[in-house]
Each structure stands twice: as structure tokens, then as C-alpha cells.
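Consider the two complexes below, in which chain A is the common component and chain B and chain C are the respective partners.
Up next, the complex of A and B:
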């Protein structure tokens, strides 16, 4: 077993064990913390497909995170009020339907954004994805039907067949299962033919074209997949907080997702999860002391970028290897 | 005469006032090695870029494998069977030599939208890739990342990639550049066998290699082809001697 596998297993199993320990010692609050790690880890795993494998530094993934969140909020509100949504279709409070709806809408929006933004690269790509996300952010703010600036409350957490989702442990297990599925999906994509083309395009676009694979289509597909996964995390995030607001669309959120990946290790399977664990721990440990905790996070990020380029994964599992 | 695999007619490209390609016409026939020589700045690389599709000509025709390829981008031309190597090696640096070649095998199979099967356990990719590596003599370097290969090995790897593509023609842009004398000699004898696979358009500075390999030579000076002919014809061509080979060539 490689060191990478061991570190990955340690992180995943550690996260799974944490809530049970918390419950045993009578500190159920920590279950919510672990849930937050799982959800943010999933969101960043989505971004890791585009950013880590494809080298597409999307500074607009908050758009997809927010779309997932609003899918949960809007569908739940309609279900709660018994009002039809569109064309007589009802809302729903079933998580599975919400995840699918969020992923599909995010996928469509990502296709549109990708068609335009993937014609650029480097700083221009970063700026265009940011611009699209900001457009959606301002749209959400100025849409009074769904709370506008104040956001939307989800009065009852959405349901999952056979589980009481209001119990923190059940909701954690749902989030963890989706994180695990996201990680499996990431690993499959990374090792597949599609992943080979995607990663080759990051390393050398000309080489990819010279063997006859057009980089654009590969990147567009990756961008869409990436957005869909992040959207599912967004829906979970809304259910965790039982609240969605335009801040899910904000550029801070996009930046946070990138920070998670850099902290954990770009392109590494467990990188986003490692980043999310470190980030949430910091937020919790330092957030209690000072509201300026992100200053310290900034310092750590600086240290990672300067001294530990591989992030947490680089520190504990060594350099990434490509078969 | 056999139908040419590559046919260029009256190709023109200028950068501002500089006429980099000035009415170039040339053909590449099945089975031949056609060398393109010329002094630095003659426009050899510009010409290769236009043929491969990384640069758009201002006017003129490029036909490859019986098809007008001018509207096609680089990837589409590669799919038609243009096996190109670069003047400065262009590889996926983090991938092993094997994975670099596997990319070509997968491209040839036309199957990059497969998301689940791990490539390293897919013998329909690894076997042909290992075969191509063995043919260029890199079999025991298969697992080394391209970035860690020596300069000469990277050039060999590019040729292995072109082989794995099942190229209908090879466009080799200065394959000898930066190789030591022994490396050049080994590559020269390899290229002599490669021609059985597909015809080669060989841009090269190494005159020994060119004279040893080429069936025909075209001489490019200031964007124009001033002469095309056999090795002997070119050796003795007065304009060529003056423009390029200089005294004592």
C-alpha cells in the first residue's frame, strides 16, 4: 500500500469515526463540525476535478455550490407551502430529488459558462468564471421571490427515505456517504481515459492536440462534471444550515473552495478533504478566540504555498505519482 | 506517379512585412523521405506549423491523405494521421514515458470519453504503447516521467508517440537537434527503417543525416523553395551552394 493510500484511508476513516467519538463523550456539537468537513470536502472534490486534474482554476465555483443550495431551498419552500414550482410541477422535500435537480441545473449552467470561458485560459479564465459567478450572485440578491438579500430558510430539513435527517448522526452519515461517493468518482475519473486526456491537457495542451484529442471538449465535460458534484455539496450545505443565502454564491465562497484544495493538495484524491478538515478545525479553534481568524488562516496558506507546495497531502504522503 | 500523401500548393504566410512563407509548393510521396533544409530563419518551422495546423496560412492549399485540411485544427489533422514531432520536445512532463504513448493509443482508438476503466489495467492501451516504446529503444525507460528523461530519450519518445498514432506521414521537426554524434547516428538508422511505416517530411540541420536519408531534398531560403531534387542534384545545385551550403560543402 502506498503512503498516499494510507493517508487517504486515515483521513476518510478518521472523519467517519469522529462523530461516534463525539457522541460517546457527549459532545454532539462535534458531529456538526464533522458534517461540515464532509460537505466542504465534497464541494472542493468537485472543484478538484476541474482545478486539480484539468488545471482549470475556476474562481466561480460558488455559482454551482449556490445553485445546489438554492435547489434545496426553493424546492423545499414550494413543498412546504404546497405551491407548484413550474408548469404545475410540485416542490419536494426529498433530498435525492433535490440533489439530482441541483446537479442537473448546475450542469446546464456550467455548460453555458464553460462554452464561453474555456475559450480563454490563465488569468482570463479566472476572471471570466468569477464574473459569471458574480452575475448569479447579484441575480440572487435581487430576486425577492426567494428572499433576495435575506436568503431563504428551510424550516424542516429535507428528508431521506428511512432516516430521520434531523438527527445529527443520520445527516452526517448521508453527507459522509456522498463524500465517499464523490471521492470514488474522482478516483475513477482520474485513472480513466478521460482523466488521462484531462491531465495531459493540464501538463501540455499542445501535446494533447498533437495526438488528435481536442482539449476543449475534454475540459468542457470536466467543468460540467465538476460543477455537478459541487452543486450536490451545496444542497447538503443548505440542509446543514437549514438556510440558504446569496453568500453561497459570493466570491469568498469560490476562494474558500480553492483554499481548501491548496491547503490539502492540488489534484490529490484526499486533498480537498484534508483541506476541509484543517479549515474547519481552524475556523472552530481560532474562530472562538477572534473573529479575525482568517488572518491566521492566511498566514498558514502563505506558509503552505511557500514551503509545502503539496499541502497536507504533500507533507504526509510525499509527491504525487502518475502511474 | 503515386498520389502524394501530403501536397502543399502556393502556400503564403506573412508576419507584417516579413514574408515567412512565400509561395511554397511541395509534395510528400508514399515511401519517401523528403528533407526540408535551409538556413536559420528560412521559415522551416513556420511551414511545419502551418502543415500541422498550429498556424493559419494566409493563402494556398494543404491537402493531406486526399483531403483539404485547411479548415481543420491541429487535433483533427492528427486524427487524419499526421504524426508530428516538435523542434523542442513537447510531452506531458509528469506522465511516464508509457503514459505519454498510451495517450496516443487512446486517441487513435477514438475513446477519450470513457470515465470508469483504469487505463493502467487496460492492456488494449498498455500493450501497443509498450510495443512502440520498444521499437524506439525505450522499453526499459517506460516508467520514468517524461520530465526526467534525457534530451535524446525525449526525442525518441516523441517518435514512439507518432508511431503509436499509426501516422500516415511523419513530420519531424529537427529530430537530431541537440543529439550527440552517436545519438544522431542511431536515430539516422532508425529513421531509415521508419520510412517503411510511412513517408517522412524531415526538417533537419544535420547534413550528414539528410544526405544519408533523403530521397528528395527541398531547399528553403527566405520563405521560398529555391530547389527540389535528389541528394546529388542538390549537392551540385549552384544556387543552393551559394545560398546555403557555402564553400566546401
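Up next, the complex of A and C:
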């Protein structure tokens, strides 16, 4: 077993075990903290497909995170007040339907954004993805039908067949299962022919084109998949907070997702999860000490970029094998 | 809609545009010469505004405040360049984005720590506090006209600096071949610090001037920063000319869009719906313009290295 596998297993099993320990010692608040780690880890795992494997530095993934969140908010609102949504279709409070709806809408929007953005590269790509996310952010702020700037409350957490989602432990297990599925999906993509082409496109576009594979379509597919996974995480995040607001679309959110990946280790299977665990712990520990915790978070991030390249995974599991 | 109102909106758009130019010029210069994406440029804008408001409140003079804003932003820029930015030139864009994102957190939270969460206010200096009559009969504040004037002066100054002076020659040489100018015996490290401080001073100046039009508060730089990015991406990253044209385009589109779109929609739908849809579309308009421009010219209108 490689060190990478050991560290990955340790992180995943550690996250799974943490809430049970928390429940045993009578500190159920920590279950919510672990749920937050799982959800942010899933969102960043989505981004890791585009950013880590494909080298596509999307600074606008908050758009997809927010679309997932609003899918949960809007469908739940319609289910709550009984008004039909579109073409007479009713809303729903079933999580599975909400995840699918969020992922499909995010996939369609990602296809449109990708068609334009992927024609550019480098800084232009970073900035154009940021611009599209800002577009959606301002739309969410100025569109009054679903709360506008004030956001939208989800009065009762959406349901899952056979589980009481209001119990923190059940909701954690749902989030954890999706995180695990997301990690498996990431590993499958990474090791597939498609993933090989995607990574080759990051390393040397000309060579990829020379063996007869057009990078554009591969990247577009990766961008769409990446957006769909992040949207599912967004739907879970909305259900965790029972609230969605335009801040899910904000560029701070996009930055935070990138931070999670770099903190953990770019392109590594467990990188985003490691980043999410460390980030939420920092946020929680520093937030308890000082209200100016963001200052210290900034200093820590700066130190990671300048002196600890490779992030948490780089520190504990050594350098990535290839990439 | 009267002619006077229309002229007023155009002037507002121009004023917003030149303010964006002050930000965008620094960003595009820093990218063109050093190849660095500086997300923390909005923080330097904020530093300028806070320095101006503090010094103006202490001394009673807006003009001393303006000098302080230039000095404080340039100094902050130089310090940040020497401590942090210098280590990022050889890194990829991802590291640069993250490190300067971290700088934003540090600047914003540090400012909040020192000045608190309440906004500061900055008065327009007495000399510029009146209004002038526009053709059509409306009154327009002198201060906003002065901001336009300063923007034009800075644009001319930058053109002369880059095109006609020895420093400008070095900056242009640094843009096209940094190894070669280092080999010719020019201290490239000092040149980079200078360029960064110059960009920071321009951002600080913009912050100080805007501080008198709105409140001075933490986070005020971020919306401006994102628009300045839109400007340099539209104009072509690294091109000062592109930054100027992009700024005016974005300033006018943003201002006139907010003003005209609700009127335009009112022509064929009920006024309340028109106001809502018009406002929603207006806030997205510049991003739509940017997407369209990049869809047809993926490296902007005036790409520097094209």
C-alpha cells in the first residue's frame, strides 16, 4: 500500500468515525462540523476534476455550488407552498430529485459557460469564469422572485427515503455517502482513458492534439462533470444551513473552493477532503479565539503557498506520483 | 427622458470609467511586466481611501489626505512586493491567485481590526464642492468633473512615462524580455518593486477620490477590483491603451445600462416588471459584453503580445 493510499484511507475513515465519537462523548455540535467538512470536500472534489486533472483554473465554481443550493431552495419552496414550478410541474422535497435537478441545471449552464470560456486559456480563462459567476451572482441579487439579496429559507430540511434527515447523524451519513461516491467518481475518471487524455491536455496540449485527440471536447466534458458534482454539494450545503443566499454565488466562495484544493493538494484524490478538514478546523479553532480569524487564516494560507507546496497531502503523503 | 439627464448619465459613466482606469492601469502594468495576477489590488484601493479619510479627518485638509493616500498605497505596495509578491513571479497562476487571495483576507481583516467595522466619511474639498450648469439646464457636481480630469491627466502622464522616459523604456523592455534587460545590467528586482508601487499608488489615488463619493469601508475595493479585471480582460491584458478603452466602455455600459434598460423594457411591458427585469439585466450587462468580446477575440481587443 502506498503512503498516498494510507493517508487517503486515514482521512476518509477518520471523517466517518468523528461524528460517532462526538455522539459518544455527548458533543453533537461536532457532527455538524464533520458534515460541513464532507460537503465542502465534495464541492472541492468536483472542482478538482477541472482544476486538478485538467489544469482548468475555474474561478467561478461558486456559480455551480450556488445553482445546486438554489435548486434545493426553489424546489423546496414550491413543495412547501404547493405552487407549480414550470409547465405545471410541482416542487419537491425529495433530496434525490433535488440533486438530480441541481446537477442537470448546473451541467447545462456549465456547457454554455464552457463553450465560450474554454476557447480562452491562462489568465483569460480564470477571469472569464469569474465573470460568468459574477453575472449569475448579480442576477440572483436583483431577481426578487426567490428572495433576491435576502436569500431563501428552507423551512424543513428536505427528505430522504427511510431516513430522518433532521437528525444530524442521518444527514451526516447522507453527505458522507455522497462524498465517498464523489471520490470514487474522481478516481474512476483519473484512471480512465478519458482522464488520461484530460491530464495529458494539461501537461502538453500540442502532443495531445498530435495523437489525434481534440483537447476542447475533453475539457468541456470535464468542466461539465466537475460543475455537476459541485452542484450536488451545493444542494447539500443548502440543506445543511436550511438557507440559500446569493453569497453562495460570490467570488469569495469560488476562491474558498480553490483554497481547499491548494491547501489539501492539487490533483490528489484526497486533496480537497484534506483541505476541507483543515479549513473547517482552522475556521472553528481560530473563530473561537478571535473575531479576526480571517487575518490569521490569510497568514496561514500565505505560508502554505510560499513554503509548503503540495499542501497537506504533499506533507504527509509525499509528492504526487505523476503530474 | 431629457437631454440633460442623458448628458449627466454619460458624464457619470465617464467618471466611473476613469476611476476604473486608475485601477486597471496598475493591474495591467503589473501583469504585463511581471506576469502576475494581483487580486490584492482592491486592497490597495482600500488602503488609499482609509489613508485619505484618516489624514483628512486629522488635519482637516483633503489635499493632505490625497498625498497621504498616494504615499500609503505606494508604501503598502512596495512592502507587499518585497515580502510576498517577489516570490510569486516564477509560480503558476494558481499559486498567485491563492497568495493574493490570502493577502485580501489579511488586508481586510487587518483594516477592520484597526478602524472597526463602521464606515468612515470623507468630505469633498471646498474648492470642488460646487456644481456647474450643463447644456439642457441640469446641475453637475464639479468634483465628479475633477475626477474625470484627474483620470485624463493620469492617462496622459502614463503615456508619457511609458513612451518617453528612461524608466518607461525599461518597463517596456521588461515586458518583452526580462532575461535580456537583466543581462544588460538593469536591476530587475528594483524595477519590479517600482512598477508595483506605481500601480499601487494609482489604486490608492482611485480609492481616495472614490472615498469622497461613497463611504470608506472594508471590502470597498472588491467590486471595483472585479470590474477592473473585466476591463483588462476586455482591453487585452498588458495593454495600457486597452485598459483605457476598456474602462470607458465598461464605465459607460454599466451606467447607461442601469439608466436605459428599465426605460427600454417599459416600452413593451408593465412598468414594475420592466424595472425588475431591466435592473437584473443591467447588473449582468457588462459581463455579457465581456463574454461576447472574448467569444470573438479570446485575448481581448488590444492583446499586448499578439
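One rule holds for everything that comes next: the second predicted complex is superposed on the first by the 321 of 323 C-alpha atoms of A that agree within 3 Å, B and C clash if a C-alpha of one lies under 4 Å from a C-alpha of the other, contacts with A are read in each partner's own complex, and residues count from 1 in each chain.
The definition used in the following text is that a contact is a pair of C-beta atoms (placed from the backbone, for glycine too) under 8 Å apart; a residue touches a chain by one contact, two chains touch by 3 or more.
Since the structure is predicted, the reported quantities are computational estimates derived from the model, not experimental observations.
A.B. asks: Pick one for A:305: touches chain B only (first), chain C only (second), both, or neither.
C.D. replies: The second partner, chain C, only.
A.B. asks: Have a look at where A:289 lands relative to chain B and chain C in the superposition and call it first, second, both or neither.
C.D. replies: Neither partner.
A.B. asks: In the overlay, answer first, second, both or neither for which of chain B and chain C A:24 touches.
C.D. replies: Touch partners of A:24: none, neither chain B nor chain C.
A.B. asks: Of the two partners chain B and chain C, indicate the one touching more residues belonging to chain A.
C.D. replies: After superposing on chain A, more of chain A is contacted by C.
A.B. asks: Quick one: classify A:188 as touching chain B (first), chain C (second), both or neither.
C.D. replies: The answer is first: A:188 touches chain B but not chain C.
A.B. asks: Could you look at A:86 and tell me whether it touches chain B, chain C, both or neither (first, second, both, neither)?
C.D. replies: Touch partners of A:86: none, neither chain B nor chain C.
A.B. asks: Let me test your reading of the model: by the given contact rule, A:132 touches which partner, first (chain B), second (chain C), both or neither?
C.D. replies: The second partner, chain C, only.
A.B. asks: So chain A touches chain B in one structure and chain C in the other; where do those two contact lists coincide?
C.D. replies: none
A.B. asks: Can you list the residues on chain A that touch chain C in the complex?
C.D. replies: 51, 57, 59, 116-117, 119-120, 122-124, 126-128, 130-132, 134-135, 138-139, 141-144, 251, 255, 258-259, 262, 266, 292-295, 297-299, 301-302, 305-306, 309
A.B. asks: Tell me, which parts of chain A touch chain B in their complex?
C.D. replies: Chain A reaches chain B through residues 188-189, 191-197, 199-200, 203-204, 206-215, 218, 221, 320, 322-323.
A.B. asks: Which of the residues in chain B come into contact with chain A in the complex?
C.D. replies: 52, 54, 73-79, 84, 86, 90-96, 98-100, 102-104, 106-108, 111-120, 122, 125, 145, 161, 165
A.B. asks: Contact residues on chain C for chain A in the complex?
C.D. replies: Residues 31, 37, 39, 84, 87-88, 91, 93-95, 97-99, 101-106, 108-110, 112-113, 222, 226, 229-230, 233, 237, 276, 279-280, 283-284, 287-288, 290-291, 294-295, 298-300 of chain C touch chain A in their complex.
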